[in-house]
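Data first, discussion second: the structure below is written as structure tokens.
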Amino acid sequence: MKGYRKYFLNKLLWFLITLVTAFILNFILPRLMPGDPVASIVSRLAQGMSNTTGVQAIYQQYSDLFGTNKPMLEQFWLYMRNVFRGDFGFSFSQYPRTVADVIKSSVWWTVILQFPAIIVGWLIGNTLGALAAYRKGSFDKVLMPVSIFISNLPAFGMAIILLVIFGVSLKWFPTSGGYGFDLIPNASWKFVWSVIVHYQLPFWSVVLITIGGQAIGMRSMAIYELNADYVKYSRFMGIKDRKIVGYVFRNAMLPQITGLALSIGTMVGGALVAEIIFSYPGLGSTILTAVLGQDYPLISATTLIITIMVLAANFLIEIIYGVLDPRIKAAQAD
Amino acid sequence: MKHTLQQVFHSGKFVTGFSIFVAILLIVIIYPLIITDPPLRIIGQGTFFEPGIYVNVYDSISSPHYTLNLDDAAAKRIASKLGEDDRIAIKDWLVAVGIPESEIDTTDTAKLLDQWVNNYDPATRISGMTNATRNYYIRLNNSLKGLLSTDGVSIAVANPETAVLEETSTIVQSDYVNVNQVANVRVLPLGTDNFGRDVLTELVEATRVSLQIGFVAGVIATLIGLTLGLLSGYVGGFVDDIIMFITNLFTVIPSFVLLILISFSIGQDRRGPVTIAIVIGFTSWVWTTRAVRSQVISLRNRDHVNLSKLSGHSLVHIIVTDIFPYIASYVVMALILQISSGILVEAGLSILGLGPRTTDVPTLGLMMNWAMIYQAHILGKWWAYFPVIVTIALIAFSMNLMNTGLDQVFNPALRD
Amino acid sequence: MSNVMLEVRELTTKYITRFRENIYAVDHVSLKVEEGKSLGIAGESGCGKSTLALSLMGYYFPPLHYTSGEIIIDGHNISGMNPDDVRRSILGTEIAYIPQAAMNALNPTQKIINFIEDVIEAHNPVATKKEIFDIAKGLFEALGLPVDVLQKYPVELSGGMKQRTVIAISVILSPQVLIADEPSSALDVTSQKMVIKMLRNLMDKGYIKAMIFITHELPLLYNVTDDIMVMYAGQIVEKASSKDAVFDPLHPYSKGLMGSIIVPESGLRNVKLTAIPGVPPNLKKPPSGCRFAARCKYVRPECKTLSIPLREVAGGRTYRCILSEEELRELYAWEARKKNE
């Protein structure tokens, strides 16, 4: 147990370091760029702005909240304080809604869509990849080219294909939104059903994309393990094939978990774009609205939230990995 | 070297991928030599013209006319004008006036019209029918009368002096022109997009620009990754610690998020394809660094490297002559993957509205972005987005196949 | 006449490649090991000695396939047995194997004791964990291995310890015959010595009744085994007592093999180092006639066409060459004189 605690604390420290780095990058990158949206906010204020006073009020409020005309370091502390309070100011494009409010209404859609889809895709993909490595033959010959092709399709491509086939042509599922446009979110069955129906296409497009990549990865890991020396030795000690296959898949699965931790950021990125295709009311669509409305506070907060989500998911996977791989406890104990 | 190339070209996967990629490259190079139109010129007034051959109507009137007596011409003409909804409406009427449903076939236009003419009477009142529906049937009947007419069409020109229309010729229903004799015919194999631009020409140009973006991004990412990986792996120690710390940081912090922040901050005006490529390159070097580093570490203590060290060769000399040749294949593979992912990343960014600025050049991502904004996927205008997805997938697929092929040649454990 | 523990008659096995080519890596090999004796198999890498080790187990999995011949262990002919019976009643219990890369021979995510449990349960499903632990503990103590190794993962063991653990596990089901495929080649000198000592110990204390030891380091064999068999291109080219094989080889290949090794043994110290030029033939298309002809110093035109059988000479030695014992000795003597001049 001591070994695991050490591992856990190590990972926790790493999580905190990455989190702080993410905060710093989120703060400093826009301010370093030649276009600098923050400077442009200040300059618009300085010019007194030809816009309506309402818009000026928003800029003024943002400027006060983040002290955009104060020295950098002071700005950073203000920024950190505001982040911890969850105060990101007003959204430029959706005034009078606050940024926190906009994000609160979209972040759960993304969480509920993406993480289950990635997990389901990971499970199915790894099972198929393991089967392909073990059974070989025609199963492998069919599955692999299909997986390679699917994994090369961008997530939005898969999204459009599903949407056109099942939404537009067959009309089995609705084509856009998180729930029927004629409904108001409430706890009725009708609403829940509508959410479930709208969930299917975005969900399966993320699942399918994930399956492709994972199946390929698992297959080559499993083939590598099947050729390992311990397989030969175990066979010659008379251990049953079924048991050896168990060793192989456990050992092949472990790097796949680490792989998931490392690639979850990229997966989430792809899935955010897929959300846009379905006009799903998650963070992907929020980014699009913010970009179109030149809404810097909203962009900044959304990217920060996504980063935190990814880092947290990554941390969680590492923690689970520590439980599953017995070597972790052993190696850290020394 | 020659032997390695031979081996590489024996790998079926590599050859397939390579052929697809070369075919795409050839199209991108040759097509603009044949169709020299500027790729972003707006030629269509209106959105989303269907793919097909567009024949100039004015020119066809003045082209020589030929008479062809074809039996099914009238039926085809009517069939093309009579929509699915209208056919169902006709059927409903016929059923209502007592024709058995088994005798009605909505796909047999001639018979259906025959039944209609025999059974329709505007005076008939059908119980439960609203006035609006009655009026619809009256309109339908009138338009069908027009369709059934066998008269020709007169071509008249306004006399510039008197402003009176003077008939110059008559076109009868059996008149044909030979497409080859019409001066202006434009083939739009993929129709036009939401702005009325030729999708195929635009697509070829977009593929070219996207490949360039992928290439620039890939080269930058590979160079950064290679440099950091070599330093980290070969020098080791403190340098390794620092580089690995940074690499690990940027492995977990999603590069996609950094791309969004940077692209947004740079601002619309400064976002050209090259800028986007550079930004992509600078945010996607981590994987190459990791791969190169682990390769270098496994090479670092090989005999030939130690020998070179003992012979007093410089760091640069050792890296270039004793390390690089052994990791070259990995670097090529990494570059291929980086190019392909660069193209995908650009597409993703553009869909978010953060792609290159929209006025100069198309990219595959921008074409997707336009098609999505104009709801081509909901409206069923497949030609505006589907060829783009196929192109993206083909590029990524071909590069991945090449990569897998190379991997099988250089890592024989995966051959089974 | 002592008991024959392992007898192999005309065993032939092949690899089937991805391109459906047959590679006969073990070609009509016959051998015999008597109770209390050990046999060394030597040859360059790629000569088929590791494949022979795999083939002797009588349990084949792709790409290796059985073609013909017989394997008789302690009187049981196992060649015709169904693979599942071989697995249950032969592997580990009659004949055991120590792999070439014992470093990676243990499942990295399993404790040593759990692997031992799997091994014993595969042959004796009713054994309890307690019984198994006691057996393992007894064996490890008897062989001088620390018992706490049982509760560790392979990553926690040093290379030498891992190798000795593998050897201990190999004999846990008290097999008659042990086949060790280069068990010491990846270790440092100290660990090598310990491994060799342990293997001899196993023989001396009667844990195993016969052993086959495969290596490319001939001098190792001289110390460990009673007899030596030299393989080239899938065939046996010479079989003799260890002393004869090392100090008085007959076949030109054995002669060359001895000459190409740095030997720190007494009496061999002054032997000059001469490598055999060339590489072994491609077994996809083995040459007709003598397979060593292309690299042989003493090659004659008929070597390349005549098929050459093993010939037996005095002292129970056999070798595969067109030249007689006398002719070969003459050639070697002449060669030695020339070198000294």
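Of note:
For clarity, chains are labelled A, B and C in written order, and residue numbers in each chain start from 1.
Please note the rule applied: a contact is a pair of C-beta atoms (placed from the backbone, for glycine too) under 8 Å apart; a residue touches a chain by one contact, two chains touch by 3 or more.
On a predicted model such as this, the values are computed, not experimentally measured, just so you know.
Chain centres computed from CA atoms place C at the largest separation from chain A.
No other pair of chains has as many C-beta pairs in contact as A-B. Averaging C-alpha coordinates per chain places the centre of chain B 62 Å away from that of chain C. Centre-to-centre separation of chain A and chain C, using mean CA positions: 54 Å.
With each centre defined as the average position of its C-alpha atoms, the distance from chain A to chain B rounds to 26 Å.
Touching two or more other chains at once are residues 416 of chain B.
Residues of chain B touching chain A in their complex: 248-249, 251-258, 260-262, 264-267, 269-270, 340, 344, 347-348, 351-354, 368, 372, 377-378, 380, 382, 385-386, 389, 392-393, 396-397, 400-401, 404, 413-414, 416.
The touching residues of chain A, counted against chain C in their complex, run 228-230, 232-240, 243, 247, 250-251, 254, 325-327, 330-331, 334.
Contacts from chain C toward chain A in the complex involve residues 57, 59, 61, 87-88, 90-93, 96-97, 99-111, 115, 118-119, 122-123, 152-153, 155-156, 166, 169-170, 173. Every residue of chain A that touches chain B in the complex is listed here, in rising order: 14, 17-18, 21-22, 25-26, 29-30, 33-37, 40, 136, 148-149, 151-154, 156-157, 160-161, 163-164, 168, 175-176, 220, 223-224, 227, 261-262, 265-266, 268-270, 272-273, 276-277, 284, 287-288, 291-292, 296, 299-300, 303, 306-307, 310-311, 314.
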